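Before I ask anything, here is the structure I am working with.
Each chain carries a letter (A, B, C, D, E and F) given by its place in the written order, and its residues are counted from 1.
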Amino acid sequence: MSNRILCFGELLLRLASPGRELLLQSPRLDVHIGGAEANVAIALAHFGHAVGMIGSVADNSLGRAAIAELRRQGVDARAVTVRPGRMGLYFLETGALQRPSEVLYDRADSAFARTPAAAYDWPVLLRGAQLLHLSGVTPALGQACADTAIAAARAARALGLQVVFDGNFRAKLWQAWQSDAASILRELLACADTLFADHRDISVVLGREFAGAEADRAAAAAAFDTFPHVRNIVSTRRLQHSVDRHDLAAQWFTRRGEIQLPAQRLDGIVDRIGGGDAFAAGVLHGLQHGWDDEQSLRFGLAAACLKHSLPGDFLALDEARVRSLMDEARFDVRR
Amino acid sequence: MSNRILCFGELLLRLASPGRELLLQSPRLDVHIGGAEANVAIALAHFGHAVGMIGSVADNSLGRAAIAELRRQGVDARAVTVRPGRMGLYFLETGALQRPSEVLYDRADSAFARTPAAAYDWPVLLRGAQLLHLSGVTPALGQACADTAIAAARAARALGLQVVFDGNFRAKLWQAWQSDAASILRELLACADTLFADHRDISVVLGREFAGAEADRAAAAAAFDTFPHVRNIVSTRRLQHSVDRHDLAAQWFTRRGEIQLPAQRLDGIVDRIGGGDAFAAGVLHGLQHGWDDEQSLRFGLAAACLKHSLPGDFLALDEARVRSLMDEARFDVRR
Amino acid sequence: MSNRILCFGELLLRLASPGRELLLQSPRLDVHIGGAEANVAIALAHFGHAVGMIGSVADNSLGRAAIAELRRQGVDARAVTVRPGRMGLYFLETGALQRPSEVLYDRADSAFARTPAAAYDWPVLLRGAQLLHLSGVTPALGQACADTAIAAARAARALGLQVVFDGNFRAKLWQAWQSDAASILRELLACADTLFADHRDISVVLGREFAGAEADRAAAAAAFDTFPHVRNIVSTRRLQHSVDRHDLAAQWFTRRGEIQLPAQRLDGIVDRIGGGDAFAAGVLHGLQHGWDDEQSLRFGLAAACLKHSLPGDFLALDEARVRSLMDEARFDVRR
Amino acid sequence: MSNRILCFGELLLRLASPGRELLLQSPRLDVHIGGAEANVAIALAHFGHAVGMIGSVADNSLGRAAIAELRRQGVDARAVTVRPGRMGLYFLETGALQRPSEVLYDRADSAFARTPAAAYDWPVLLRGAQLLHLSGVTPALGQACADTAIAAARAARALGLQVVFDGNFRAKLWQAWQSDAASILRELLACADTLFADHRDISVVLGREFAGAEADRAAAAAAFDTFPHVRNIVSTRRLQHSVDRHDLAAQWFTRRGEIQLPAQRLDGIVDRIGGGDAFAAGVLHGLQHGWDDEQSLRFGLAAACLKHSLPGDFLALDEARVRSLMDEARFDVRR
Amino acid sequence: MSNRILCFGELLLRLASPGRELLLQSPRLDVHIGGAEANVAIALAHFGHAVGMIGSVADNSLGRAAIAELRRQGVDARAVTVRPGRMGLYFLETGALQRPSEVLYDRADSAFARTPAAAYDWPVLLRGAQLLHLSGVTPALGQACADTAIAAARAARALGLQVVFDGNFRAKLWQAWQSDAASILRELLACADTLFADHRDISVVLGREFAGAEADRAAAAAAFDTFPHVRNIVSTRRLQHSVDRHDLAAQWFTRRGEIQLPAQRLDGIVDRIGGGDAFAAGVLHGLQHGWDDEQSLRFGLAAACLKHSLPGDFLALDEARVRSLMDEARFDVRR
Amino acid sequence: MSNRILCFGELLLRLASPGRELLLQSPRLDVHIGGAEANVAIALAHFGHAVGMIGSVADNSLGRAAIAELRRQGVDARAVTVRPGRMGLYFLETGALQRPSEVLYDRADSAFARTPAAAYDWPVLLRGAQLLHLSGVTPALGQACADTAIAAARAARALGLQVVFDGNFRAKLWQAWQSDAASILRELLACADTLFADHRDISVVLGREFAGAEADRAAAAAAFDTFPHVRNIVSTRRLQHSVDRHDLAAQWFTRRGEIQLPAQRLDGIVDRIGGGDAFAAGVLHGLQHGWDDEQSLRFGLAAACLKHSLPGDFLALDEARVRSLMDEARFDVRR
């Protein structure tokens, strides 16, 4: 509850059709504020940590609303600056049954994406912190963001912070510019202590395929070989029977061994967005408290499951509500 | 359709977050009117019975709205008085998946809870009735309510009415004052003919534990031993796979034997609140009509299942719609 | 994408209680525009076909809104006339769990139902078209509609169009007037090339029962015997575990053989209305493109499944989104 | 508070576009329950009177919801029967500025309109009552309704009840059938003690025009000449600057003289429907209590003004809230 | 009703906070589709004209929804192409009292703005049309749009179409790029027959100020001197007492004289956006029908007033509803 | 922008019926968070000041939501503690025309009201601050709150802070306990530098009446005589033509003279709650910046007017938007 965690990334507005409607089927959009790294920040703040967000938003009422939402959720937003430009948006059409949800990104040229690397003074921004969280969404937004992410990770490493990196590979974003994803991501992983990634993320970075039942294990081994600082490689495994029925398991690889948790059944998912971010926040919560890996992983998986029961991009539940799912499985009304 | 049934208890306003949102996640609350005994009254009115409610509400527009809702649902509310004070509220956050629903009670010091026992003239109130329904929520609200409930049950017994008591044990309410739940509930059970209770309810009254596969059977036997008037002990059995997937069975113990109904699968529950009240109303409907116990129990279980498909605290379906579920299992659109 | 398809039938307003509420439980109705044949027209328009609707609506803002919705969905509505009278309505109360949805028709005496057969000049209306789609709802609306449907089918046959007929037997509508459903439907089937019908539809027409595991096969055989033009008899088979959990399979009988597709699991249905219409549109899309029968049937079943994931009466998804379900079963967010 | 008042007429569902939208501009309708005579009944019930409604509704969930709403508002609805047929509807598009509100009636062939005169046993229905309220909407619905209204008025007169008639002339309804409005209305006015009518209503009945500044006075004089039982002729006078800014005055003619109240300014009208019904209820409240005419008229005008501040068809405010407007004009928040 | 009118411009999505809330005060946005030229097209379609829209939208579900809305409103949208890129958006916060509404444009780099001039084949697009409507918003979007607008106007003039130009000067848009508004607008006015413009618009074009009571008259005279084709210069005059109370007058200058209409009072404005577009459509409706100028101007002013009573960007009322305001001022409910 | 301001008082949840409906007319409540002193804090935070709130809320999700809203609005809420008990609520029914809004308080026994004076350590809480704002609502809540308010005011005075007191006399709250309002308020005024009060507030404190045109001036003079620290006595003057049309003026008395501002017309008020709090915040903003009194008063009056245009209890507009109303009166859409 006393350590200071920093998350760096973009804040986005989600504009979603209500219920299970198609986009603009009826003339209304529901708004949520999110962003992969902000989701981690918010969940950690609800778990009781002192968390700060670093980034930038548009200098208008949308950007200010995004900052205000961070504050509402208990995140220190003083290092989120307002800058000329537009706010990153995404339109969401929530699926059901065999119809997948569709995300329509409208985030190009956002104020965040156009913020030059020189706008961030990392030694100042990182002062007093213990952990920096980054994700693969940010470097995918363009050269400025990639440069910034690398600068941040290196500064954090140099200053002795833990560096956490969540793969979050988004092919469409990388394809939108003249990017070399592999080499950029390699710079980032070279700084990381803890990696949220499965074999697909690692495959992008290392440029080789991992297949079959052992794919995640083999990929983790390859990543440990390549990136000497990496100590933890953690991920969920998701089996999707339909859009709203998944089985969600989790695994944790270290240089010494691995932990595999059996799948939780998610039948009647409310909102799947941000499940991975809640997972990461849950695992980090355990790590920050020095819990053993299995406890941390179980907390992360419980957090991820609970996120699926909540509308919006992030998990706004305190530690006790997550623990009560770990400790017992009582589902009746609490009164 | 001609017998007069009376229910005594508190009317509450439910203030719920919309959909599956957290409380105040968005700035709106959906309002439903309920209360364990009122839910029974309303369901019985929809089944065609002449039902009256006894109680009191706040002398303001909220209290009058609660009375008006009773009237709308076909319950005679002339014996619900308005009194100075506040209306009992509860805030509901509806869960999903592995996140249980949370009820936040804000009912202390309500006009009902502060109504003195002397405010009720039971011989007058019970005149012409055949059955009085009470539940364990009412005596849990404080000494005045406990005194009133006991006075009501005794007067009903003395006047030859059937007395029905639904356990509805709420530990938090009893803990909020200097209460001796066991001795108060014993007075009430001593008057009862029909008891809606499982081994947990009976355990509180008798001060002993019942465990294992036979717990409900043993508890019923003990209750029959202790309370000579009790003829029926009826309850549901609920297996909860997750917040919105339950299996719901039902059982009926008499001094002569027992009936066990197999579980119905409830997958995709809309609103679980009031399921037990709908069950009680369904069973009482059969009893009032002189159906055999199994028919009554099947009607009660069907009523309970259907309540889970409806938003709000009570079942507002007529007998035919409940029977159609008992008689056949056709689920397609009726047109 | 170049062939012209015509659909003849009534446009209806659906007035539905929100969520899973009972009708008028809260003071609001959600409006959707539909109608069996219009649903087919709209789905085919989204699949890229040039589709025209033929019919009539009330000469008021409701009727004009129905026409406008057709246009919005890409259907040519110039042959939908406005006529004095009222708009056909239906009220829908959406079920859940074991509580079936209820449709309350309020469509008697609609402007469409009262349009005389003479108001339609079929040779002009059918000019340039390749296919006419009709359904059993229309002749059930009264003698004028029955006469019109037969006139339309005969004119189409005479002009060399394909004639498609969807059984859609609605007992209540036929019973509302002095009707001889069997003889009217026989006239229509005598003109049809493709029939969407199962053994229940065929049983009504032929006046004999088909039962057991072979019922659909036997009924198809009998229909092929009786109606020499019929080449395809296609239908879904629906197993309903509860109101919102179905298994949906499909079958296609020809004079040469049959295709049976295994069931798709629909768990957590959003809106079941119009599932059959989406199926018909999907099958016709394949037929129009000259796909082989199995491809067409698989596309039809995929379309039907997807309709269950969407609020409203029709499927508003393009061919690619339906194909992606046929080709692979990936259910994660598309981003 | 002790006299029994009866109102006879149709219950209607109002289906309105939200806010100031056009009908079906967005896919939602707000529902209110009303009807000229029911509006009077409800307002009088809120003023503390024992009021009963007589009529019939459709035997479906819409009809039952209308009855339930009457009960909710405190009106005795036991003499409202359910009958086969459809519910009378009207669609409302609320205007603003210079765009008038539009009512689209869809009430033809309603269960009420088709109820034969013989279905009502007036001596039984009127037993114990003091006052019968009717309006000109009812006889306009067709010969059966006209016959019924005349039978009701005559029975009431014969049994010594006060008969109150509100003109409510609706040209469109009379034109929809082979009607002789004048002769039917003459029969009704021949029975009336109190008439809510201005010169336009009287002109229809008497078949002569009244124009100029003295029109209402001259019409009242002519009505007093023709109808010997009539003692009171009361009406509002409405000056409309725009759809949402009116000046509302009121006048009361007796055989001895007249009272004219100055206009109240209504600037920012919320809902104008039912203003005349609230006025009638207010005047009748005063008459029932034996207030002098001016007091009664002032109460009626206050009730009418307040109705314009409330969404829905009727005034649901108690006597004290109306009196506080008569007695003082304090508009600040009451807290 | 038979002439073909073409409008060229951008379609935008309006995302508005509900009611009078600040942007994102609550987490919902109401969506309307508009755009200055599309608003004119839609109003003219509702007046009964055959209208076509020319432009481009994003190749995604938002762009297709904009096209679909055009079709719903009766505009021929076949010349609106879909192109890679994003959809133009604007966020609206509706004001009240002394708080002005705020528009937050997020339309830079839209698919429309990036469509090159060469993408339009004007001789083909204009074939068969009588009138082309353009506005000053389009050339303000960048060089490509300015080039396109000029090409369109010249082609129209060359082909003998009437050219109508609405000033719609938006300083912020012109300032966002290296633009020479005056010279671009001069090219456009050189082609125009009818100009919707007041002295501020003309001042931008001519580079000189017009002030005082005679400003509009002097500016019109100067414009007639400079642009030999211009025959009509028409505009509203708006006096704003507060955000929701305006007086709206109108004036029409020709080379022969002028018409001045007195102001209409707009007290309680619902939605002011698109008022000028409705005015232009109304005037053009009169012109197309050959009405005299005063009739056309009165129709235009009535259309403009009525737009203020409707949510959304455009006027969706037919000619009769506008005429009824011109012909008489009756504001009561139409039933 | 650098001075630190503290506000001490209760946070309340407002539960309001939607639109202009009666409470529970439809089953929904809109939620806003407010409280007289919190409203001042929030407005000042939006004007750019560093503001902290002091108080306590219920230790549940409602209380935490209130704190979160403060944070969202930019107020430092670290000195708002969570304590066992319930959250203060008020139900609001928004009026219109001649129907006043009704507030139904349900705030008795709130966690705040039951917080003992000893729970606040004022020297610690006030450290580093320049100004303490209190209002008359707080001491009206009971002896503990009165004691706390006096302790706060004295500590602030002793530490050299400016003390600001807003009268906010609520008779009902004072009458709910054995209170001596006059003597308590005298203690508070004895510490105040700036007083928001008119002759009614001062009359309560001094126990004498002030009437007629000079009432406010005379009351201010008397207050200056009695309370030597008071330097400013500031208030609005409100003339209410109806519930939604007011004229709002403002006045400022000092020992040297007075300023009277002419009334602003508020026609079409959106939400009147919190108008006085926005006024106080506006005046304090000017005082903090050292503006002259007239500038400060004009800013305060502009802030008060703008609050009436916004739903909710507080003004969430920055200085520039308030100034733009002071500086010019341009009401058109800003784009």
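What to note about this one:
Heads up, the rule we're going with is that a contact is a pair of C-beta atoms (placed from the backbone, for glycine too) under 8 Å apart; a residue touches a chain by one contact, two chains touch by 3 or more.
None of the values given here were measured: they were computed from a predicted structure.
Counted as hops between touching chains, the shortest connection from chain D to chain E is 1.
Shared contact partners of chain B and chain F, listed by label: A, C, D, E.
The copies chain A and chain B differ by a rotation of 120 degrees on their C-alpha atoms, rounded to the nearest 5.
Farthest chain from chain F (centres taken as the mean of C-alpha atoms): C. As for how the two copies chain A and chain F face one another, over half of their interface residue numbers coincide.
Averaged C-alpha coordinates give centres for chain E and chain F that are 45 Å from one another. Each chain gets one centre point, the mean of its Cα atoms, and the points for chain B and chain D are 42 Å apart. The mean-CA centres of chain C and chain F are about 62 angstrom from one another, to the nearest whole unit.
Touching of two or more other chains is recorded for residues 22, 27-28, 102, 267-268 of chain C. Taken as a contact graph, the chains are fully connected, with every chain touching every other chain.
Residues of chain C touching chain F in their complex: 26-28. Residues 264-270, 302, 305-306, 308-312, 316-317, 321, 325, 329-335 of chain D are the ones that touch chain F when the two sit in their complex.
Residues of chain C touching chain B in their complex: 19-22, 25, 90, 95-103, 105, 170, 172, 238, 240-245, 267-268, 272-273. Across the interface of their complex, chain F is touched by residues 68-69, 71-74 of chain A. Interface residues of chain A facing chain E in the complex, by the touch rule stated above, are 15, 22-24, 27-32, 60-62, 65, 86-87, 89, 91, 93, 102, 104, 106, 108-109.
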